[in-house]
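The structures considered in this document are given below.
You will see two complexes here that share subunit A, one where it goes with subunit B and one where it goes with subunit C.
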Partner chain A sequence: MASSTNVEESAQSRAGGVSSPGPTELRPKRSRRRWHNGIGTVPFLVYLGLFLVIPAISVVVTAFQSGAGHFTLSNFNEAVHGVYLKSFINSIQLSFAAAIVATVLGVLASLAVCASSNRIVRALVSSGSAVFANTGGVPLAFSFIATVGNFGVITKLLTDAGFNPYDHGFSLYSVFGLTIVYQYFLIPLMVLIMIPPIEALRKEWVDASSSLGATRAQFWRWVGIPLLAPPILAAFIVLFTDAFAAYATAEALTSGTISLVPIQLGALISGNVLAGQTNLGDALGAGMIAIVLVAGFLYAYVQRKASKWLR
Partner chain B sequence: MTQATNTDISSNFRNGVKVDLIGLSRYYKDVAALKSMNLSASPGELVVLLGPSGCGKTTALRALAGLEVLDGGTVMIGSKDVTRLPASKRNIGMVFQSYSLFPNMTAKANVEFGLKVRKVSSSERSKRSAELLDLIGLSSQADRYPHQLSGGQQQRVALARALAIKPEVLLLDEPLSALDAKVRSQLRDEIRRIQLELGITTFFVTHDQEEALALADRIAVMRAGEIEQIDTPLSVYSQPTTEFVAEFVGKVNRLAGVVVSQEKVDVESIGPISYDSKNTPFQTGTKVQVLIRPEALGIMISDTGQWRLVSKSFLGASVKLNLTNPAGQRVIVELSTGEATLIEQDSPLSLFGKSDALLVQRA
Partner chain C sequence: MVAVTTNVGRNGKEPGAANVLKLGRAFRYGVLGLVGIFFIIPILASARFSFLGNNNTITISAYTELFSTPQFWSTLFLSVKIGLGTVLLTLALLIPTVVWIHLRVPKLKRVFESISLLPLVIPSVVVTLGVITSFKSLPNIIMGTPVILALEYVILALPYSYRTFDSAVQAIDLKTLVDAGQSLGAGWSKLLRLVLLPNLRSGLLGAAILAFAFCLGEFAVASLLSFTTFPVFLVQVGQVAASQAVALSLIARLFTWMPLAVIIISFGQRNASSKKKTVSLAKTIEQEETTGIA
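Up next, the complex of A and B:
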């Protein structure tokens, strides 16, 4: 069929392509339609260019410049030493730990929600998650301070019962404390992302594996988890970057006492710049971009490995 | 190669078992999906559960598989009561309507899944999956993922996967309904060939009467959670015991009549037609309703005929004719294509009974 079409086309082109309306005459129309289809994305691309691509390029370029505009590596040298190195380590540790905990708990919560046959529960969880996933900053910090802060309600109740968690190494104002606070918006975000892929697991797969003699655990090991691995990985990267970039909650909770990259950046933007650190903030920004890119590439690699059955 | 392999495979199955479903009941809130249903299948028999949507056929199949919790009744496989056994312990192979292959596994891995669960060695698994893929004619597609296979190929792999565990019973839940007509008919024949070759006791659920008639050793026609009639395809078609069966399996004309003797009923606008009065004896003069198959009626062109042709539908070897008369009655008659060419739009037509009425019941 394909070959006969080719023969027709070549015969037509030899004859000058004027005998009858053929594929050559249809082709421009089709491509014009495709061009029209793409026009809707232009505002978005312009927006991306103005507020993501150009600033990112500008940050990276400036990071290699001194205050006088000369090429230098001193900004990066500064960014990977002392307090700034510590901020990168803290940020990565915090984001990784927070994302891991939220991924595990979020997947379990999503499974529980999807297993529920109660529509009201499902609707409430979905809409509630959408709200909580976007909650952060001072209100969130305050709610945690009010409950498990030094003088929080729960801390007081526990202290009255003879157990003050702050005497046993717990502190809300630490990387560990932030990991807990971040769960408030990371778990709902995970639930929002994971409900659709979990709902896409077909009942027939569970039934087929049962009839073939598999236990529930074997179903999850060989079918369920491999099928959910790509979306879980994707969600983990989203959570990691979300936690990595979170600023307001950490700042409000710790008043900058914990060194995190966004907090250091915030301080530099506020003007707390020492002599010779003019473009240090750009180097920190470039470092953040690099880490997110590495996470993205890692995701793409693992995703490719985990979902070869989709190709 | 195929011949030798198939002999090896069938030697594993030549032990079809008897299956008994005794008094199965299942209720969803107050609605009965199964009402004390009884059904038995002989070793190696293919029983088709046929009925409209919601009649309980799939519920019965899932109850047999152990995928449905029963409110009452007993499931016996051979001499073993499996009512309380979970699906994973019943050794039943099941093929679902569609999309039941694990999408993250190749055709080969899908076929081997049940063997992997049973901790069968890798070499034995490979040997067996190769035999089964050969049996279904998909050896060359072994390394393909489900989304790279057509619907028909996917269902073949699902069949091979179900057979890989050497099940005592094979269950097929509308396995052909998502396929196009040609593939459906090919795969239907193939399922029957494999089932006969392996001698495995099989239950097949469908709502397609043609599929049921073509496949079954016996057909169980279901309605509202109960079996209306269970018999051979010929008996179900030609001797339905209820109006529902007569209308569900095949086409039927419903006409008014009066019993004129022990064997004859006078059908309005048609004339006397014989019927089997053994099961339903009526007194002469009883007003009855007569159910007649389209092919049981004959047509004559006669000047006094009151019937007229409304439309013709060409079915290949036969033609379906829609007729009407001045009283507004309508009947369908099915004639061979040759006979039907003689019938023209304005011809005055008379009808007569060529064979027995299907069912006669009190009006």
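Up next, the complex of A and C:
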């Protein structure tokens, strides 16, 4: 009896377009149908579990196992010493530097785009960013080799002009070189992420501050920067993780000569394993997951602050 | 007082963000110009590099040699096959799931959007390692063939494909369309064929193209699982012939840029006319249904 009135009521509220039915009316029905409602999502979740969650968990579990399958911490001990420690330091330095540079340049570019009233410029930059943010990988490495590699076009031009950058400490095949190359997909990513929050700086706030007599500097000091700081920080974290996980560009550019975590892990996977390092790769993998997870939690925290105002 | 405030607002020179963000022409064009140059130079330099012969002559030999390499075609073909497989799997997984979520459990929309971003958290190198350790015992027909690549690419492309399709579903009034279709007597297959797919065309196309572009460019998983896909071939070429590798990268760029440009343009149009389209399509369905009954 009770359930039939519920059905009637909900049918009525749907037909009448009543948008807020009392929560008490629907509760009994909903709890009965809850598991039923979830069924349609099962195939998707199973697929994700099978091809993403299980592999990830197996890496973490294996990281704590010796070759014979016993519990051990020796893999991690190995992973934080020598060349592997160096690779973590290199990777973090590279990702941090690349993300900082891209954040600064990306914010400047986004501000410049948002300030421009030229429609063509805006359309060009936003669709261009979408394309370039997706153009990492191997082709990127080769286009920089063609530009400022040992025999690159720009290198040649500069050498002809009497300044060979490779004689002055520059090398494309270094952490510094990678920092530059990574800008090619990090800056567009930053622009993509930052345009919406900058555009969301609401006209009302601008008007309010100017009617209260604020100067432009005051507006930025008290309104603009506090509002944009959380999204900028969140975007920085995204860039950091993106750079940290990047493998293809670094591998193609340096052929594995530079010690970064993904490169070391790749070398271990492709079989350059020394005796007694059976599960070392898993420890490196677990380390990468840990770093990205920390970044992810920071991101979620910052994002919650950001979404308070900028909707 | 209120009137004064609004007046000030109205007298502001430009509406919206452009007003506060007045940055000065020199600054604006300076920043955009410099960034633009940074993005254009490598492309121009690659083009120049790929046409460079001995003693500064111009030659297209890098390209002709590439096209006459059988491996160029075989690896490209392999990548296209993997891409198509990935696209089919992605759509088979996304269409029912996203439609179901929007109809039956709309509360979970945000949750599933976050779940779809999960592959970004786990670097693809780590996923590859996990695949090797956990699927060792899987039959050779999966692990020993590129099938495993397609299966994994569905996951790795998910952050892009899911969002695209999800926002397309969000943009139409799914519930009303389904209710209308059902009240006209359409079953699920008819509903899918006549109502949902036509309305979600651009979203499906977008998700498909993003997944496909991802497959054409993916290097880490393919190379670590020892499959010679197109990007892996590109790196192999790079170790022996630089100018060919650069030529090949330009071609690879075109492969990914063209489809991406297509979706960006088509999405711009969709956003402009999505409302109209939904209404008119609902009408055509009604017509088709009535003629079907009659």
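To be clear about the criterion, the second predicted complex is superposed on the first by the 246 of 311 C-alpha atoms of A that agree within 3 Å, B and C clash if a C-alpha of one lies under 4 Å from a C-alpha of the other, contacts with A are read in each partner's own complex, and residues count from 1 in each chain.
Just so it is clear, a contact is a pair of C-beta atoms (placed from the backbone, for glycine too) under 8 Å apart; a residue touches a chain by one contact, two chains touch by 3 or more.
For clarity, every value in this text was computed on a predicted model and none was experimentally measured.
Residue by residue along subunit A, subunit B and subunit C are tallied for touches, and C comes out ahead. In the overlay built on the shared chain, the residue A:Thr241 is in contact with subunit C alone; subunit B does not reach it. Contact with both subunit B and subunit C is seen for A:Asp207 once the two complexes are overlaid on the shared chain. Contacts of A:Pro226 after superposition: subunit B is touched, whereas subunit C is not reached.
Of the two partner chains placed around the shared chain by superposition, neither subunit B nor subunit C is touched by A:Thr72.
By the document's definition of touching, of the two partners only subunit C reaches A:Leu108; subunit B does not. Touch criterion met: A:Ile187 reaches subunit C, while subunit B stays clear of it.
Of the two partner chains, neither subunit B nor subunit C is touched by A:Asn164. Judged by the touch definition given at the top, the superposed model places A:Ser174 against neither subunit B nor subunit C. Contacts of A:Thr215 after superposition on the shared chain: subunit B is touched, whereas subunit C is not. With the contact threshold set out at the top, residues 204, 207-208, 210-211 of subunit A are in contact with subunit B in one structure and with subunit C in the other.
Only residues 37-38, 40-41, 43-45, 47-48, 51-52, 54-59, 62, 105, 108-109, 111-117, 121, 123, 125, 127-128, 130-132, 134-147, 149, 151-154, 183-184, 187, 198-199, 201, 203-204, 206-208, 210-211, 216, 219, 224, 241, 244-245, 247-248, 251-252, 255, 262, 265-266, 269-270, 281-282, 285, 288-289, 292-293, 296 of subunit A touch subunit C when the two sit together in their complex.
Of all the residues in subunit C, the ones that touch subunit A in their complex are 4-5, 8-9, 12, 14-23, 27-29, 31-32, 35, 38-39, 41-43, 45-46, 48-50, 93, 96-97, 100-101, 104-105, 108, 112, 115, 118-135, 151-152, 154-155, 158, 213, 217-220, 223-224, 226, 231, 234-235, 238-239, 242, 245-246, 248-250, 252-253, 256-257, 260-261, 264-265, 268.
Only residues 202, 204-205, 207-215, 218, 222-223, 226-227, 309-310 of subunit A touch subunit B when the two sit together in their complex. By the touch criterion given at the top, residues 62, 65-67, 86-94, 96-105, 113-114, 116-118, 145, 147, 158, 161-162, 165, 171 of subunit B touch subunit A in their complex.
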